[in-house]
Each structure stands twice: as structure tokens, then as C-alpha cells.
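Shared between the two complexes below is chain A, which pairs with chain B and chain C, respectively.
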Partner chain A sequence: MLFNIIRNDWRNLRADRSLWIIGALLAVLIGYGVHNGGAWVRFQQDTLTQAAEEEAGRLTLIKTSIESANAGRANPPSWRDPRNPFAVGNTQAAHYVSMPPAPLAALAVGQSDLLPYYFKLSLKSRDTLLGNDEIENPVHLLSGRFDLAFVIIYLFPLLVLALSYNLISSEKEDGTLAMTLSQPVRLGTLAWGKAGFRALFILALSTLISLAGTLASGVNLSAAGASPRFLLWVAVVAAYGAFWFAAAVAVNALGRSSATNAIALAGLWLGFVLLIPALLNVTVKALHPVPSRVELIQAMRVASDDITRQRSQLMAKYLEDHPEFAAATDDSMAQYAIRTAAILDELDRRVQPVLATFDEQLTLQQAMVDRYRFLSPAILVQSALYDLAGTNLYRYRHFLHLTEQFHAAWRTHFEPLIARNVRLTPAHINSLPRFHFQEEPFQAVFTRTTAALAGLGLSALLAAALSAWWLRRYPVAA
Partner chain B sequence: MLEAQNLSKTYSGTPALHPLSLKIEPGEVYCLLGANGAGKTTTINLFLNFIEPTSGTALVNGLDVVQQPLESKRRLAYIPEQVMLYRNLTGLENLEYFTALGSTETFSKGQLLAFLDEAGLPAGAAEKRVSTYSKGMRQKVGIAIASAKGAKALLLDEPTSGLDPKASNEFSALLKRLSDGGAAILMATHDLFRAKETGTRVGIMKHGRMMAELRTEEFGHADLERVYLEHMHD
Partner chain C sequence: MLATIVRKEFTEMMRDGRFRSSAAITMALLLGAFALGWQHYSEVNAQHEAARKSTRQDWLHQGDKNPHSAAHYGVYAFKPKMPLSLVDHGVDPYVGVASWLEAHKQNEFRFKPAQDATAIQRLGEMTGATVLQLLIPMLIVLLTFPAFSSEREQGTLRQLLSLGVRPAQLAWGKALGIALALSVLLVPATLLGSAALALSADQGAMAASWPRAAIMALGYLAYFAFFVAISLAVSAVAPSSRFALVALLGVWIFNGLVVPKAVSDIARLLHPTPSAMEFARQIEHDIENGINGHDTTDQRAEELKQRLLKQYNVDSVEKLPVNFNGIRMQEGEEHGNDVFDKHYTALWQTFERQRQVHELAALAAPVLAVRSLSMSMAGTDFAQHAHFAKAAEEYRRVLNRKMNLEIAHHQKPDDSGFTRGEDFWATMPDFQYTAPDLAWILSRQRLSLALLAGWMVASLVAMAAAAGKMRV
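What follows is the complex of A and B.
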């Protein structure tokens, strides 16, 4: 029975030009989206490579400068002396900490073009948040580029609806419904057979095209964690497609005309894909505003002024807290280093509350989105896809966390060198701490994405249940 | 066998069919006559379980069509006034599909073509798209679908409207054959001549009510027309 329905539907679709148009459109959109994402990833990788090269060159230069200074060929002022641990730790050997694009980053640019993916780190206060004044909250859907995630969230539903808005209504309008239902066939079998077949068809098509595009754009699916992420990606898209097909069946089950169905479904699309996300976005921003960059700079300025005025007290206090530096106080370079360290410490302390608010508000925003994303399948899909691509706030905050840890390690590394007034050698430069980005554990991504997947599945089931209910009272003859 | 037991249908307070009791035995051809809006299609749709009865039951071979919709439809064939087919498929593909849905038997292409030929579809049309068919050609595919199903009960809603006289005549011959084979046939029609020719009984309906039932062998053509028109007056 089902086989006959599917074969017949296939024959009809095959004879109809719209299927080929939809297929071709899908291929073009997916191809263009993946291409865009791939270009962005390559740009990031190139930038990181350039940064690493610049840094390597700089370190080599430091080593040769150390040698010439030692040989007496050069006599740099102490604040620029490559043997001075403060000068090296604070500027000369500044290290790029970077978050390389995740394996599937090419599939969703997400927020990664708004968030920094590398910092030049030195002894200075952490200024990681200063570099980016545009941290967007997680539901800023329209900020996205034309990437695969955009195609899936916005356009894929439209293609699904183009294939399903008149699933039953057209048969009723063409009169074939009465012919079919005079045979021993349930309306439900017909509706789900057609919807299921079309869903499988478009899903297989989009998976194949995505896979081809993904591989073509240079994504390495054998990279660690890449293939389970890709499988989850496909599952999320499948669940999203299932939701829209079920919604189309539900609307069809009301027994209205194809034109009415098209309008109703366009309305649903508008609501779920544009309106609810926009409303959530506005609400999240209003309830948990992130301090602006101006506020942060203002706080820093006030702090600096204060600190400059109380320089000597600060230094005395700093020396109290760090008795190990006391021995070095007669060297002018060390004096400068200690004073700077004291000032930076204080500045750090003063700006901390603003930074903390920043972090807190972002956390609150994320928490709110995590809670209310279940209001719209589109938000669920977006959160899951960005998560799988590693272009969301979660991975970014993980990166910030690692950066802070590294910053502490960098200071810990240099402080004793400064305190003991050690003269650096090339060996010191070779053994500087290096930052290695560690991916967030897959378990965390998995938990968040499967929650979204469950939400999507539930929405699809709800729509299917409504369909089943309405199909039973479908007016075949009227 | 087709049977209606106090079968009625009311649309938001307006009765479309007053309680109707009717029994059509195997071998009988029952013709429903009546003006537009008399309730003929309503009766047929109730047998098809396309609409829910307000009261009473419709039985096909003793099976309640509401309780056992699939089992009863296995025994039914239906030809509407407009046989609507999948336009982009050929007549043969349409026949293949509906036959596959309706019967447990699988037919070869040759057998399917024979059904179409028997129904009077011009040779060569079977493998053309239905969108190129005339109305009469589509009716003939409908007839082929019904006869391939070998149903024990036929519901025909003005099946010959739009058929040319020759096709209409062939259709009558086909009906005769099916009814001789033991099918119970219910046919709504406006064609008094055909009703007298092929029907064994006629029922005249008006405003959802069965006004008169006659056996066709008991009167001539002229009588039928007179009785019909009498009932239509008021």
C-alpha cells in the first residue's frame, strides 16, 4: 500500500517540473552557503598562520638581539633590552593565543565573525573583552552570513513547504483524493506516505549535497569529533524538516484550499523563523543588557587616574604582598617593572567588576536563550547548529576561560624572573609557555545538542498529533 | 449488496438526506433520479464514508462503512461524475496505481491494457498523459478501474454524463455484464432513458426524500418520464 502510494507520488513529482527546480535551488543554495563558510574558515586559518609566523620571526629576532647585546654589538636601553624579562614578557614576546576554527566551522559562521578568535597576550592586564565591542547575544539570527546554517534555518523550511503545502489539498482540488479514498486506503496513510517520502527525498538530497559541499570546502570529517558532530548535524536538520512536514500535514488536514494552506504556512514560517527569534532577541537584550564598551573604557580611565595619583602607595602595598621583589628594588629596570606590575594589578582589580558584569550578563542571556529556545524550532536549530560548528558563545567562553588560565601561567612564569632580575638567554626564549587550544569536551556539546534535538522531535510529534486529530475529521466530500 | 438503514444526513440543521432505507441485491441496478440538490450524491458519499451519517448505517456486503471503512471499500467501486486522474501520468499508470491500491490481485501490463480497451479507451491513448484526455476518455479509465477491481458493489454518480451516445451505450452493456456477474449497483443519473434501459429499479428523490420507487420492467419510457415530472411539480 505504502509502496504504491510512494511510487505514484514519485511518478507525479518526477513528471512535475517543480521538484527539479526545488532540487536545483537546494543544490545552489547549499553549495553557495558552504562555499561562503569555507572562505571564512580559510581566512581565519590564514590569519592565524600569519600571526604565528609573525610571532616566530619576532622570537628569532629577540634571540639574535640577546646575542648581539651579550657580544656588546648593541646597547639597548633597559626598557627595550631583550634580556630584560619584563620587556620580553610585557611586549617583545607577546604570545598569540588562538582558537582555531572547529572541524565543522565552515558549515556555520554563526557568531564567529563577531567574536575574536585570537588575542595577543602579554603581562598586561587581560583586555580580551576590549577587543570586541560587538558581542551579540545568541539569538541575533539575522546577523549571520549566508552560510549553510542560514540556508537550513531560513530557506530549507520554505523548500519543504513548497513540497508539502498542497500535499492533500491539491489532490482534493484535482479530484484524485476521492478516487484514491474510494479504494481501501486511509487518508492518514496517503498523507504520511507522501509526506514521509518527500521528507526522505529532500533530506537525502540535502545531506548528500551538504556532504559534498562540506568535503569540497576542505572540512576534514576524519578530524577528531568531526563525524559525530556531522551526524548530529544531519539529525538536527532531519528533525527540523520533520517538523515542517508535520506542520504542513497539520495545515492540510484542516481541509482548506491550497492557497489558504500556503498563506497559513507562510505565517507559521514568519512566526517561528523571524518573529519569535526577534522577540526573544529584544527581550533578552532588554532584560540582561551587556555593559557597553564605553562603560568599560570609562571604568578603566577612572581607575588609571586614581592609580596614577596613588602610585607610590600602590607600589609599597605591592611590595608588601610580593616580598620576593624586595631584593630587586635597587635596579632601575626592576623598579619600573615592579611599578608597572603593581599598576596593572590594581587596574585589573578595578576593572574586574565591569568585566564580571559583562560575563554575568552574557551568562544570563545565554541561560535565557537556552530556556526559551524551545519556543521556536528555528532557535533550537540555530543553537544546535552553531554549537556543532563551534561558532557559538559556548566555545568562545571556553576559549576566554583558557585564555585567562594561560594569562595567569604567563605571569607566573615571568614574575620570578623579574623578581630575581634574571638576564634572559636564548634558552629562556625557547622555553616560553605556549598556548594550546583544548576543545570543549564533546560530552558538553552532545548534551546541549541532544536537548535541542529532543525539543525539535517533540515539536514534530506535536504537529503530527494535531495532524492525526484533524485528519480524522477531514471533509473528503465537502 | 448495498443497504441503507435509516440513513440520513443533515448539514448544520438543513437535512440533505431524510432517513432512507434501501436494499440493493446482487444483480440489481438501482437508478437514483432527482433534480439537482435532491440528495443523490449525498447518498453515494455516505456509502463511501466520505461524509459521516447524521443517523443510520450504510452497509456494503453487510459491512458497516463507518466501522469497517477499509474492508467495505475493498468491495466497492466508484465512478464519479468526473473521473479525476493524475494528470501527469498516463491512463495506464493511473489504472495501475488505483488497481494496486484496490485489489489484492496484481495485473500484468497486458491485462491492464485489456481493461482499458474493454472500457472503450481508443487504442494508443493508454500510454498518453491524462492531461491530453477528453472527459469521456477519463470516464473510460474510471470504468476500467472499476471493472479491474471486480467489485461486488458499484457506486456510480452520473457516470455517463458527458459520454457520447456510443460510449454511453457501451457503458450500459458493461454495467449489464457486471450486474450479471453478481454486482449490486447504485447509480445516480439524470438520464431517464438510460435508467429505464439499464436499471432494474428506479428511485425518485426530491429535497432529500425518496418520493417513489418503481421496477423498470413494469412501465415504459413515457410512463417513467411522466411519473418523474409529476414528482418534480409543486
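What follows is the complex of A and C.
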């Protein structure tokens, strides 16, 4: 019997022309989304390649300049002398630290259009890192990008709902329900047969969406960590589809008309996808407000003024701005370098607590979002997909943390050279510290995404339980 | 007859529990969004006002130093907020809040507020603009889709028309009835919004805000009219209420979610922007090598020296009646300004072309037209950000010029201890920004205005036509 129901349903589905139109539309949307995500990843990769090339060229130039200065062919002023460790560490050999796109980055642009993915790092104080944004039209940031994650979070539920909002109600409205039930079949068998078949259909669809997206974007599934991430991705999308499908069955089980079902489900969608996230965002910001950046600017200025005042001999200040104006001997240059390095250290020490408050508040915000994301399946999916794609706040902050460590290492490397006024050789340039991005441990990603997955699974189960409960009292007669 | 239909629709809607509850929710969200917007506006404005004063004080009390050191010290420019930004934050979360105006360099605006937020910000923000652009249209769709189709399904449509009511008249009556019901929601919200506006702004800003508020309100009304008319049109021709609903939800999603995002990517595809690294590198290259590519900094300095020596008829820089370093630095500034102008003009032209793609895309989705109009009236669109950025840059140039000329005319070549103090810093007037006037803003919104009006008229015509062709 169950087989008959399924076969009948399949024939119905196949005959429904709108389904194929929706399917074709979905394929176009996925293709477009994946293309955009892929283009963005390539843009980032190209930029990082250019950065590496530019840096390599610069280092070679430093080495040849050292040689020509040693040979007496050139006589650069000391503030530009490639043998001067301060000039090299502060500007000439500035090193790009970068966070390359993760294997699945093309599937979800996430926050990566807003947050920096590389820094040009030198002895300069840490706050100079803050302004390193990619160029992007703010209107585009406002609209957000059309990527696969968008298709999944917003449009995929609508497709599921279009397939299922009148699952039972249409049978009732067409009069076929009473007729079918006059056969030796129970309503439960009929409902679950239809539902089970469509659930399988939706599951297959969600896998297909992810797989098609992954293949089309040229994601390399053999890259380190790519395949477990991809499997989690598929599981998350399937659980999201299951939730929406179960919700549609539950609404159907209440026995209202198809139009009422559609309104109810549209309302649910609006609530979960738009309203709850917006309200949570507002609440989180109100409870853990990030201090004003305008005040940060003022605080940094006060700090640097204070430091300047501590040794504000006019001549010194002037020289600091333009050491080239003084007939700088190597010794005075060394003094200048040491003093500047000390100032930068002090500035970082003063600004650090202020920067830390931003970090703390944002951590609190993220913790609250993580806690309350279970209020809406859409937030769960968003957090999981961005996490798997490596385009969320967590990976960025991991990168920031590594950057700060490297910044400290860079300073530790240069400070003794500056203090001892070492004349750099090409060998020094070859042995500069290099930054290597260490991926965030997969364990952390796994823990966060499986929590989201569990939340999605539970929501789906809850909706399914409701459907079962309501189906038992389904009014077959109108 | 029309009045009877309007009254019937209005009464029916007011008695409908679904309308009452959804209208109450929408109203609560709208007022909540206004309240939050108002709080945000007053807070940010107070901060910026304080910061503006403090950066001026810092400038005045920076102590005695060489004018060029003072130029390096510089000042900060903080973009003021307009009162109407409480309705629509526009691109404000996605542009930096402040720019450092220092020697040698046109700095980007730093610190985008959205960077200090979690990813759910990207799912949606609870602002007046969200409610007005997305939620109210959804409310309209949910209320209006059964207008004709359910009358047909219940058999009342045939009866009505047998009374001699013309279909078009019926459509207009229904549209007005729905509009009246919506006004129960919108009029109090507008009044409270205006009260918030009146509370938050000083007299001058207020006077400028009223006409903008009125235009913004008219824009939103036209946008709502489009949704009412299109919903009635679909309801009239749809084979069933169910069909009408699904079709209208499709319109809503396409308009509100799909097109705005899709257009961003198309605009970038058509008019790509350079990477920040490439942009910076080109500027650096041009500053070093000259815009034409073969005047290096050293060559330019040498040429300047020869020119000055010739002009004053002396044989060494020390004998010049002016300070060579001051002149050289000002020449450097002016060369830098040309380079910055070249590259920023090109970048902003690309942004402008991207904006035109968005504007044209309003042909597919009226939300883009109303969004553009709304942001511009709220003073939160990119054009007004760029206007401020240009004014700040202009101030930076004036400041640098003043400092360099002071050196050029007053510093003796051998006087390395040359300084100026507070008296001189005070002769540099404070940075006063005048926001563009309404005519300036409106001239950039012509297409959006036309498209919005076009959508409204077209949807009303479609409504009347659909009613005429309605199946009974």
C-alpha cells in the first residue's frame, strides 16, 4: 500500500510542471551563487599572490641595495639605508600576514567581504592594522552577496514549503482524501507515505544543491579538512530542509485550507529568517554594546600625545617626523630608532586595554548569539555554514590572534638588532621571520557546527512530533 | 457606490482578527525600530559632536612645534548624522566613521560599525527601513491576496457585479479601503516618528529635515500603493486564492531579497573595483614616479630648485628669500593631491557606475528605487558620504598648504628650531561641514523617483485592467 502511495505521489509530482520550473530556477540560482562565491575566492587568492610577489621583489631589492651600499655604489640617507634594522623592520621589509580562503570558502561569503584577510605588518603599532579593509562599494555590503549560503538560508526553505504546504490539504480540497481513505488505508499511512517520500526527495535535493555547488565552484574536496567539512555541510542543509518540511506537515495536520497553510508557513518563514535574527541582533547589541570607535580614536590620540609629551623636546619631535633634515650620523639614527621603537611599544601598551574592550564586548555578543541561535533554524544554519566555509568571526579572530603573536615575534626579532645598531646583511634578510597561517583546529569547528546540527535536528523532531500528534485528530470530513 | 465599497472593505478589515494582530505586530516593530533609531542617532551625534570639539582642542593645544609637525599631527573628521537617519541607517554601518587628515596622505575612512558586529547583522537589521521596505509590503500581500479571489470562491463576486458595480470601480474601492485600513497603522507611526524627529534635532537641522521627511513619506506611499495595486491585480486574475498568494509571495521575495543581492554581484561584475592593495600601489607608484610615469620625486625636486634659483636669481638654496623645504613640501602636497584626485575620482566613478546599475535594476524591483530615495533623504547614502569625504579632504589640503607656506615664508634656512604656537594654530579655521541641500540630493534621485512613480502608475493601470478582465 505504502508503495502505491509513493508511486502515485511521484507521478503527481512529475506531472506538476511548476515543480520543474522551480527546479530549473533553483539550478540557475545555485549556479549564480556559486559563481559569485568562486569569483570572490579567486579575487582574494589573486590579491594574496600579488602581495607575495610584491614582497619577494621588495626583499630582493633590499638585498641588492645592501650590496651596492656596501660596495660604495650607493650612499642612502640612514633613514632609508637598507642596512639600518629600523628602516627595514619598520617599512622596507614589511611582511604580509594573510589568511587564505578556506577550502569551502566559495560556498559562503559570510563576513569575509567585511573583514580583512591580510595585513601588511611591520614594527608600526598594532592599531595601524585596523584600517586594512578591502575596497568595496558600501551599498554591496549593505545588500550582502548572492552566494550559495543565501540560496540555502532564504530560498531553499521556500522551495521545501512550495512542495509541501498543501501536502494533505489539497487532497482534502480536491475531494480525493475521503475517496482514498475509503480504501483500506489509514490516514497515518497515507500522510506518512506522502510525507516520507517527499522528505526523501527533499533530502536528495539538499544533497544535490550542496554537491552541485561544491563541484561547480571548483572546491577541492581532497584538500586538508575539506571532506569532513563538506559532509557536515550536507548534514546541516538536510536537517534544515527536514525542519521546514516537518513544519509544513505540522501545519497541514491542523486541517486548515491550503491558503491558510500558505499564510501560516510564510509567517513562520518570515519570523525565523527575518524577524528573530533582527530582534536578536538588536538585543545582543543593546545588552553588550561595543564601545564607540570615535572614542577609541580619541583615546589613542590622548595616549600618543601623552607619550610624546613625556619627552617632548622640540628638536626630537621634529627629527622624528623628518630625520632626513638632520645631518644624521649613524649613532643619532640608532638613537632615533631605539626611541621610536620604545614609543611604539609604549603606544601598544597604552592602547591595548582600549582595544581589548572591543574584543571583550564582541566576544560577549558572539557568545550570546551562540546561546540564542537555537531560537531560529535560520541562525543555526547561518552560523554553521559560515563556520564550515571559514568566513565567520571565529576564524577571523583566530587569524587576528596569530597576527598579534607574529607582530610580537617581529618586534622581538628586530629590537636587539636595533639596540645593537647591527648593520644588516643579505643573510639577515633571508632569515626574517615568516608568517604561516595555521588553520583553526577542526575540533573547534566541529563542536560548534555539531551543536547547530543537533539544534536543527531537535527542531525538526519537535515539528515532526507535533505533526504526528495533530495528525491523529485530523478532521477528514470538511 | 465607491464610498460604500471603501467602507465595506475598511470595516471588514478592521474586524478581521488577522489584520488586527499583524498590524499590531508591524506597528510595534516600526515604533520599536524608530525608537532604536532615535536612540542610536542621539548617541552617535553626541559622540561625534564631542569628538569634533575635542579634535579641535587637541589641534589648538598641541603645543609649540614646527608647522610641518603640526600637519603630521593633523585633525580628525567625523561625519555628522542627519536626524532622518533614525528611519534609515542606509550605508552608514558599512562606511568608516572617521578620517585622519594628516600631511602627505588622503586617508580612507576607518572603522565600519558593521565590523564590530556578529554575522546575524547580515540576516537583517531592525530598522525603520526594514519594516517599511519589507514587512509592510508583506502585510499588504497577506491582507490583499484574497480580495477578489475569495469573493469569487464564496460566490459574492457574481452577486456584486449583478448589482451593476463596474469591476474597475470595485477595484478602486477595494484599494482605497485597504489604504484606509493601512493608514490606521501608518498615520500614528508617522506622527510618532515625526515627534521623535522633532525631539532629536536642533532647529536648523529640523527645518532641513521636514521636506526630506515629506518626500521620503511620499516615496514609501507610492511603494505601498504599488503593492496594494499589484496584489489586487493578481487577485483579480488568479485562478484561486492559493495561486494568488503563492504568486504574490514570489513577487515579494524577488523584489525584496533576490534582486537587491543579485544586483550587487552583477554591478561588480560589470564595473569591477580594484583591490585595496592594487589601489594603494598605484597611488604610491604615481607619487614616486609622477602621474606621467617619468618624473621621479628627485627629478621634480631638482627641477623645482633650478626654477626657484632662476626666478630669484641666486646661486644656492640658502640664498633664496623663501624656505626651500616649505616650497618643496607644498609642491609635493600638490603633486600628491593630483595623484589622489586621479585615483579617487576613478574609484568613485566606478562606485557611481555600480550605483547606476542598482538604480536601473529598480526596473525589476521597485524596492531599489524606494531604498535609494529613502537613504538619500535620510542622508545615509554613499553620495552624501562621498560629499563629506571630499569636504574633509579639501580641509586637509587647505591646512597643509597653510602650514607649508608658513615654513616657506618665515623659517630661515638655518633655523632648525623654528616653531609656531597656539596663536598660529588658531588662525586655521575649524572644519565646518555644510551638508548638501535638497536640490543637490534630488538631482541624483531623478531616475529613482521616475521609476517609483512609473511602478505606481503601471501597477494601478494593471489593477484596473485586471479587474476588467476578471473571470466571474
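In the analysis below, the second predicted complex is superposed on the first by the 437 of 478 C-alpha atoms of A that agree within 3 Å, B and C clash if a C-alpha of one lies under 4 Å from a C-alpha of the other, contacts with A are read in each partner's own complex, and residues count from 1 in each chain.
One rule holds for everything that comes next: contacts are C-beta pairs under 8 Å (C-beta built on N, C-alpha and C of every residue); 3 or more make two chains touch, one makes a residue touch a chain.
On a predicted model such as this, the values are computed, not experimentally measured, just so you know.
Once the two complexes are overlaid on the shared chain, A:Ala178 sits against chain B while remaining clear of chain C.
Comparing chain C and chain B on the residues of chain A they touch gives the larger count to C. When the two complexes are overlaid on their common chain A, residue A:Leu115 makes contact with chain C while staying clear of chain B. Touch criterion met: A:Ile379 reaches chain C, while chain B stays clear of it. With both structures placed on the common chain, the touch criterion links A:Ala15 to chain B but leaves chain C unconnected.
In the superposition on chain A, contact of A:Arg186 is made with chain B only, not with chain C. When the shared chain is aligned, chain C comes close enough to touch A:Gln298, but chain B does not. No residue of chain A contacts both chain B in one complex and chain C in the other.
Interface residues of chain A, counted against chain C in their complex, comprise 29, 32, 36, 39, 43, 46-47, 50-51, 54, 110-111, 114-115, 130-146, 150, 153-155, 158, 162, 166, 257-259, 262-263, 266-267, 270, 273-275, 277-282, 284-285, 290, 292-298, 301, 305, 309, 312, 314-315, 317-318, 321-322, 325-326, 358, 361-362, 365-366, 369, 373, 378-379, 382-383, 386, 392-393.
Of all the residues in chain A, the ones that touch chain B in their complex are 1, 4-5, 7-8, 11-12, 15-16, 174-176, 178-186, 475-478. Against chain A, the residues of chain C that register as touching in their complex are 29, 36, 44, 47-48, 51, 54-55, 58, 62-66, 68-69, 72, 76, 78, 90-91, 93-98, 107-108, 110-126, 130, 134-135, 138, 142, 146, 240-242, 245-246, 249, 253, 257-258, 260-265, 267-269, 273-279, 281, 325, 347, 351, 354-355, 358, 382, 385, 416-417, 419. Those residues of chain B whose C-beta lies close enough to touch chain A in the complex are 41, 45, 48, 50-51, 69-71, 73-74, 76-78, 80, 82-89, 93, 97-98, 100-102, 129, 142, 145, 155.
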